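For reference, chains read A, B, C and D in written order, and residue numbers begin at 1 within each chain.
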Amino acid sequence: MDLTWSSEEDAFRAEARSWLEENLAAWRAAHGGAVASGDTREGFAQHLEWERMLFEDRWAVVSWPEAYGGRDASLWEWLLFEEEYYRAGAPPRVTQNGIFLLAPTVFEFGTPAQRDRILPRMAAAEDLWCQGWSEPNAGSDLASLTSRATRVDAGWVLDGQKTWTTRGAFCTHLFGLFRSDPGSERHRGLTYFLVPLDAEGVTVRGFGRLDGDEGFAEVFLTDVFVPDDAVLGQVDQGWSVAMATTGSERGLTLRSPGRFLATTAKLIDLWREGGGGPARREQVIDGWMRAEAYQLFTLATVTALAEGGSAKGGSIGAESSINKLWWSELDVALHRTALDLLGPESVLDGPWARGHQFALSGPIYAGTNEIQRTIAAERLLGLPR
Amino acid sequence: MRFAFTEDQLFFRDAVRDLLDKECGPDVVRGAWPAGPAGAGARSPAARVEAVWSRLADMGALAVALPAVGDGLGLGPLDWVLLAEETGYAALPHPFVETACVAAPLGVAAGRVATDLAGAVVPFAAGADTFLLRRGGELVTVAAAEAQVSPVAAVDGALAAARVQAGTTGGRVVAANEDVERAFDRGVLGTAAQLVGLSQRMLDLTVAYVRERRQFGVPVGSFQAVKHRLADALVHLSFARPAVHRAAWSITHDRPERGRDTSMAKAMASDAAREVGAAALQCHGAIGYTVEYDLHLYLKRSWALAAAWGDAGWHRDRVGHAIGV
Amino acid sequence: MDLTWSSEEDAFRAEARSWLEENLAAWRAAHGGAVASGDTREGFAQHLEWERMLFEDRWAVVSWPEAYGGRDASLWEWLLFEEEYYRAGAPPRVTQNGIFLLAPTVFEFGTPAQRDRILPRMAAAEDLWCQGWSEPNAGSDLASLTSRATRVDAGWVLDGQKTWTTRGAFCTHLFGLFRSDPGSERHRGLTYFLVPLDAEGVTVRGFGRLDGDEGFAEVFLTDVFVPDDAVLGQVDQGWSVAMATTGSERGLTLRSPGRFLATTAKLIDLWREGGGGPARREQVIDGWMRAEAYQLFTLATVTALAEGGSAKGGSIGAESSINKLWWSELDVALHRTALDLLGPESVLDGPWARGHQFALSGPIYAGTNEIQRTIAAERLLGLPR
Amino acid sequence: MRFAFTEDQLFFRDAVRDLLDKECGPDVVRGAWPAGPAGAGARSPAARVEAVWSRLADMGALAVALPAVGDGLGLGPLDWVLLAEETGYAALPHPFVETACVAAPLGVAAGRVATDLAGAVVPFAAGADTFLLRRGGELVTVAAAEAQVSPVAAVDGALAAARVQAGTTGGRVVAANEDVERAFDRGVLGTAAQLVGLSQRMLDLTVAYVRERRQFGVPVGSFQAVKHRLADALVHLSFARPAVHRAAWSITHDRPERGRDTSMAKAMASDAAREVGAAALQCHGAIGYTVEYDLHLYLKRSWALAAAWGDAGWHRDRVGHAIGV
């Protein structure tokens, strides 16, 4: 066991830190110090500028191969980058559904041509990807989706409706599952498609989220033609292709410990500003310990991944369920404690209130925590279905 | 010993409930939100929002506690606590508690009242006619036009909150000393009752949703995890409610335990609203997270009221002092 | 609404208080100040003396008719008596399974002859009743029981095994369900029987409980003959007869608020003895509020019962489920807080540690809390089965 | 950066695990209980209870941290923390932590050691050969015969606890100043590791039970309520464990964060044991409440160890001081 960083890793961290400090200041200054939320139309455009700054200096996708715009960084370096990213107070990545959810799937299932076509433009924030998992009657029960793909000459025709596509109204492309075998049921007969949102027959309608941002969209598809190379992985095998991505969404990549360590540091500051009385002290300490434990759990997971072969990805399997349970409940707890500390001021529409509302989505999205508990019980503990 | 309301009290409660059910649906609450994506969804025009207040006045619901001269009925908290619960259930976008529960017993009948007894962020300040403000050990009323009102953006868009400043002179002194604390306790009680009503609304909405919504071929409400979470929400609500009703009795009879009982009511109602609200959101899933669905109207009001008039921690502390802990 | 007691009620309370004070002292003195647990063989005998003292002065079953040894007391007086009982630190009633579980059923379903035969001897602690609900394969799933009753001339022959019968090794009689219709399934075809434990063919084996007392028993029945009047209620209708009793067990009668108010008072003392620091203060206040809320909930329930007709019993239906959830979790919370306050001393086998272990059984017995949540959700909220 | 154990460390862990699995089943733990109803159930004779300790000594598990002269291996917490976890899993009725983790690094190799570093109630005092006691700012060893040992009745009958007094002189000084705190931290760490092992044992027992036990025609473990409760238990355990392993590293390298990390480990392990224990008992139902079933052996040990060597509240407070909260 060695819980220290190498001098190369320290250097990588230092480089990231100074780049972030300098460039964040520049980006904010360019918008008069008042950047809007990335989930509003105006803010999204501002955040795209930030994405392009990251890409320009090869910080957008540090763990990707250099050919696609990355640095070929190790998982350790990726963790360090994320920690610095959140510590610096850098904004949520509006490209995250592409780079964290779709990209791992493209790396695993894409043809060389698909990789070359998709990944560099994604890294550069030229193509902006949103996810098309849920449908009005297929939320937690993803396998009950009814959007369909009909085989035609040299391609497919897509029909149906997707919903809850985060930032869908601002994106250029959608990835999602469609039923390609009309006689199939549940998990069988689905295919994973990549769909440009400017294709004929696509309509996107944005709608409002709890935190006031217009961050969701419904996507309606009517007779939308896509060519054969819009299929990722094999036809009718979309479920297993998607599950790889879902594993990423639930797992390590989307929720790096850095985010919670940064929130905890802010929470401790808030507690001190309020006079540091005894009433909420245990909650604050508990928050710190839980965030710290998340960091340690992640270090153990990354060690296992790194030693299991692929240092770039690999799978953490059903363990990602307990991971998600922990961080999503931690996030709610940290923000509740903050609201408690703010007392009457907590009713104001400030960063903690926003953060609280966002945190509340944690136990819902990417597989509800109820589903995660069932997965953990069945796959990790071996309880009967 | 009789822990129950009178038929008259229940009858008045039912009348207010019917009125609000017809006249103060979610579209009316949303009508009180500023226009924009955060208030998206079916909205009633401003006139309908205003009409609810007039109708409540017409039926006498605002004058229950006004001294028994003119329109006043001169009644006490036991007579209005259930009405407060109903206004909570409806997320009424008007200062019922401030006007009818806090100010009226002081003889203040000057339109809509907002007050800084609730805290430095004053709910419903934007549309208030009169402010009831702390000054030293006294409460004074100040006409809205004579106060500096600085609106603030609250999470609950219908809260119309502001910070309010008035000079150190002027206005009418309406309470002093112990009566200030009595006024505060009435506000705490009314708010606790609204939180109980809000919790009931969130639970009702959720029960209706999970009975209909199907996933995995069955109603979501048939899953044990959903049942148990909502049963726990019901338990929280069911034990907060009698605490609120008891506080109404303690205030009505100006019992020595008045402050303790009122604070217990607010602490328990705030905690219950948090539990019920979290359960409601979780059991809805993604739709609960959208502003076009109604849940957020009640959820955000419950957050606002849980933090106003002293939050759970503040009131728990007050209970502790009262019981020697 | 009137939350004050009448002068008659105050007088009743005062009478109970002074009787308890005086007689408890006398009883304890008679045993050198060291009474053993009522769930041990030695302690059970000592507690029987206490029961007989209660009976002698008509405090054993205050709400029963005078003819059966009671005082015809109202539910309010019963509540006052219970509050005083726990405030005085009087011991758990070793007769409780009879007087709180069986007796309400006898009042409702018994023939006049059964009432006259059973109730006075139960009140006098001459007959000691234990419950025979559970079987090795029928715990939470009570309806899956397999003990059977076979019709014979002038009576029935019982066979089977009961378990978890509290204090069964010290009792004289058992009440329980047996399958009387051999072709029946689940809730149908069961009959409620009253069985003397000295009947031929009955074997009782005591076994140990978590808190170290030999408080459980298994009861084996082999060819046990009981006469026709051993049937309570109608043949094959035992389930509905038993559910009335189960309602009592879960509900108001077994867990009067007095017990938790008394525990809370002790907890506050403990907190003060430890210096009254801030660390556990909120937990203590919370415990007080929850006990107080239980009292208020009970007052509302008793008001409804009193005004609903029968001031002596009546049914509180599915509401008893939320009642049970509240008191059982409250009891655990109060004792956990006490152990936290005791810190290192909590490992000792003292009253709080014993109370903690007993409290932990609360969410399990009388219908697990999982079952109570399901009942509350289905019957009170109307969620689908 | 590498957050994992070496193959040697895992190999030694497996060896101890195998030994305890064979030689320290529940019957052996129960054999350490006083006879009587509280210890009812299958009991091994005293000789088998004793044999476990000798076997552990034979395989070198007690000398891991003894200075590297003679039998000692001179290794650190990273080398014994997994062994402590295993002794917790087995609810070993002997002072492994006190002897092998606390005393051995001080060069104390005098049979079974018990210590008041754990608190005024000293675990395993009844069978100890040597006491390691605080005196002023020092730690001294005192032969058992020279101390006053007043046994106390603990909830965990195998704990053999006592209050221990020794004179103000005599004995051998084995540590002073900062080394006393280091010894304390090793005890805290070892105990935290045992709590993790105990939690794992309780979870394993429960999973096995609910897979077999049928009610309502299906295994109890197929109910969502049971699944979710045990999933939560697994989550608690899974995040407490790395905190314990990190503390082993911090102590091994005598890091400045040693105290903070050790206290975090104990707080989290104690809390996890409480959650897992409560879930285990509840998911078992009535059988878990009997002494003839094995669960209580592990449950009661977990209660004892959660309270010993500073409870969760005490260690949370220490973490708070370390992080400036």
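One rule holds for everything that comes next: contacts are C-beta pairs under 8 Å (C-beta built on N, C-alpha and C of every residue); 3 or more make two chains touch, one makes a residue touch a chain.
Every value quoted in this text rests on a predicted model; they were computed, and no experiment measured them.
**Student:** Return the chain whose centre of C-alpha atoms lies at maximal distance from the corresponding centre of subunit C.
**Tutor:** Between subunit C and the rest, the longest centre separation is with A.
**Student:** So which one's got more C-beta contacts, A-B or A-D?
**Tutor:** Between the two chain pairs, A-D has more contacting C-beta pairs.
**Student:** Using mean C-alpha positions as chain centres, tell me how far subunit B is from subunit D in Å, no decimals.
**Tutor:** Roughly 51 Å separates the two chain centres.
**Student:** Distance from the CA centroid of subunit A to that of subunit B, rounded to the nearest Å?
**Tutor:** 38
**Student:** Express in whole angstrom the distance between the two chain centres, defined as the mean CA positions of subunit A and subunit D.
**Tutor:** Distance between chain centres, rounded to whole Å: 40 Å.
**Student:** Considering subunit C alone, which of its residues make contact with at least two other chains?
**Tutor:** If we look for residues of subunit C contacting two or more partner chains, we find 279, 282, 370, 373.
**Student:** So which bits of subunit B are touching at least two other chains?
**Tutor:** 223-226, 228, 313, 317, in rising order.
**Student:** What residues of subunit D sit close enough to touch subunit C in their complex?
**Tutor:** That would be residues 36-38, 40-41, 118-121, 152-157, 159, 161, 214-217, 220, 223, 225-226, 274, 278, 281-282, 285-286, 288-292, 296, 299, 303-304, 307-308, 311, 313-314, 317 of subunit D.
**Student:** Which residues of subunit D touch subunit A in the complex?
**Tutor:** Residues of subunit D touching subunit A: 1-6, 78, 203, 207, 210-211, 218-219, 221-222, 224, 226-228, 230-232, 234-235, 238-240, 242-243, 245-246, 248-249, 264, 267-268, 313, 316-317, 319-320, 323-325.
**Student:** What part of subunit B is in contact with subunit D in the complex they form?
**Tutor:** Residues of subunit B touching subunit D: 223-225, 228.
**Student:** Using the touch rule from the top, collect the residues of subunit A that touch subunit B in their complex.
**Tutor:** So the residues of subunit A in touch with subunit B come to 40, 134, 137-141, 144, 163-164, 207-210, 212-214, 216, 279-280, 332, 336, 339-340, 342-349, 353, 357, 360-361, 363-365, 368-370, 373.
**Student:** Would you pull the subunit A residues touching subunit C in the complex into a rising list?
**Tutor:** Subunit A reaches subunit C through residues 278-279, 282.
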